[in-house]
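One structure is given below, encoded as structure tokens.
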């Protein structure tokens, strides 16, 4: 950990260079299941962001207190707490959204991204950096979810945020709203990133 | 079709945890490069699922009515300790088996399929027996998906895959095609 | 197990005299589809040609677009080996006559791109590309692909041949206008109405269904010819058909009024077409004789399972795709034992 | 994947047992504090949301109703759950709802049924009039049917409106190509299994409740003026 790292760099890396979904391919379980519409994707992104931010702050604050051998258990307890808070809040303030997302809110607990950030970053950095890193990662994650959700909604339902965009005669590609569509769409997006990567390499050579 | 058989088939094929609900993707992609390893991990997962199911039934009957907000925390603690327990038992009983799959055991803790199992059987109010059958079906379905995936990936290693597809992108597309094939099971024994 | 991209040695029988090169095999199978295409035109008119043209165009254009223009690994142009053409024809033959052409085109694109090119091209695909295309279409447009038109009332006549279905010509990405005359396929009739179709109609193909699947007699004849010429392993279609007959006989004996006869099961739907043209793809089926038996019997079992107790009336496509996925596992089980070594672990 | 190294690398230097207990204790304390606070705050809102959703669903499947009360079958008649059950808890599956008009007159029952659909379990609520012997309306509470196809069981207004009303004798029947009798439902094209599941669920639920709903419906008892001290289980 060098002392020269800047807040903006730590923030931006999560969004693009180390994007948790596109580059690191983390936390796929809860994301594929709920990204069949843009709204669901954003809601899931916000809920994950809340949990990530909350637990990162807490872990960073407690980093001197937490004893090494029990740190994973401690992280999990902290994460589970924030997930429960998110779960109850969504159920209280938007029952419709809660019905859509269902058990997948609770599954944020086992999202490898969150536990990974605690272990790799928050437990070793000051609160300020932890917040910056968590927000960057959270925005990167939410952005990826949104990309997936939006493309799947546009193709799968012919709508964007619920309003039709192709006129009434559009024939929706139902598959995109179904599980295989989730796998394939993420596969294509990863393919696209690989292609970008390769083109960059090709240009460098 | 009787209730129990439907719960089993539904979890095994129709609503396959991995290919329909996207659960357990980390081990699904992480540990599916060899068939032998995949099957072993699948069996260990079935075992942990069964114990988790028992524990979840116990918790929902005796503890959670008094403190519903502890649901998530208690489940995750139960899963983590079950995995630890299984690890210890296997180490004691069969060091050979432990060495063969020891590394994969801790992975099961972060397998969301297990937490989902506990949550689903609670929200569907399954009885003890229904819960066990559900766990057996879900674990079996995970094992089938994992074994198929591993077989295909071993085969894929022999072929000249274009560079930009290599890695997770290809795995994701194979998983998509598997999931597409599993759609044939939709509605099985529902009538 | 080592795969060579261009030359596919079939080790089906011990007395095989010649290695069959890919282009030769492909052209034989392509020729073998011509009678089926003819039967499709006989019953469904120009629609058949339009749809096959669209899916072939989709497949070939995709193949052309993604093939490296100057590549050292691929000495001959993969466009010319005929595999893309075959995928397109087979896909077109599995579509219902009223399908929109743009959907058939899309199916060809998807089948070739994610069914074949992504996996490394010819000989490397894990699933049958034509079926990948069709499964994609089935999941994407479930209504369009299960809307069946009845066969022409006077098959073969000029007017029924030239009467183009309006739904074929729907603008890309738009819904196809629902054709006035639709009907249920024999399998649908049996499943939901418990109404069997006369076996002779099934035999000559005078029923609703996908373009290439209705005319049983043509498929059987071509299958026998191809088996004799060793274009594929005869064990696969034989084991599929035997398994379907055996497994469907049991429920039929118990409740004949509810379940179809084994003969009806064999002749209806895409079973014959799938068994002869799809399941026999040498790349996606096991190479050992024992493996072929296991592969075929499993397909038969799955077909019966999905048709009789599943949500869909037809399950041949899914059965073949599922067993394509299981082929590597079957190869492990059915591997001949090597002396001096134990069996490989499952 | 990364967790493997994490859990295995915990052998650096052993802190005292007290330290471990203290760490987990602090984490537990903080988490417990947050959880109880959030739960206290959200539980009543969640309960109110659920009650509101139920009311709306019941009023939808029993037209012109404005009040409801929970009923269950006990000793040969339907009684209110609230005052008759005493200490014993009524299983959720044994509850049905009586719906009453603005003048407290009995309008019909709302019954929950569930069964296997194309993909997963379907739960639905239907209104039932024991005098007319007809279903008054149907509302899907929970289903995972295929988007664009099976989900028409609740998105397709034409399909849903067929249930208001449909006669239950001899049983609700699924047909294709238009309904011809008052006990028939026209299947959704391409989603026969899902349509069939809905009809079957109603028939099964009707069989279960038919005899129990033949007696005179219980009178509506206006709820006592709202008393806000009904929180349960907050230890």
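Quick notes on this one:
Each chain gets a letter, A, B, C and D, in the order it is written, and its residues are counted from 1.
Operating definition for what follows: contacts are C-beta pairs under 8 Å (C-beta built on N, C-alpha and C of every residue); 3 or more make two chains touch, one makes a residue touch a chain.
Quick caveat, the model's predicted, so the values are computed rather than measured.
Relative to the C-alpha centre of chain D, the farthest chain centre belongs to C.
Should one ask which of B-D and A-C has more C-beta pairs in contact, the pair is B-D. Relative to the centroid of every protein C-alpha atom shown, the closest chain centre, again from C-alpha atoms, is found for B.
Note on chain placement: the centre of chain B and the centre of chain D lie 29 Å apart, centres being C-alpha means. As a whole-number value, the distance joining the C-alpha centres of chain A and chain C reads 40 Å.
Rounded to whole angstrom units, the spacing between the C-alpha centres of chain B and chain C is 33. If you average the Cα atoms of chain C and of chain D, the two centres end up 44 Å apart. Touching two or more other chains at once are residues 114, 136, 139, 142, 311 of chain C. The set of chain A residues that touch two or more partner chains comprises 73, 77, 80-81, 84, 88, 112, 115, 174-175, 178, 180-181, 184, 187.
Touching of two or more other chains is recorded for residues 26, 69, 73, 109-110, 165, 170, 173, 176-177, 180, 183, 186-187, 189-191 of chain B. In the complex of the two chains, the chain C residues touching chain D come out as 142-143, 146-147, 192-193, 311. Of all residues in chain A, only 166, 169-171, 173-176, 178, 180-181, 184, 187 touch chain C in the complex they form. Listed in rising order, the residues of chain A touching chain B in the complex are 25, 28-30, 32-33, 73, 76-77, 80-81, 83-84, 87-88, 103, 106-107, 109-112, 115, 175, 178-184, 186-188, 190-191, 194-195, 198. Taken together, the chain C residues at the contact with chain B in this complex read 1-3, 5, 73, 114-115, 117-121, 123-124, 126-127, 132, 135-136, 138-139, 302, 305-306, 309-312, 315, 317-319, 321-322, 324-329, 332, 345-346.
Taken in their complex, chain B has these residues touching chain D: 1, 6, 10, 14-15, 26, 30, 65-70, 73, 103, 106-107, 109-110, 124-125, 186-187, 189-191.
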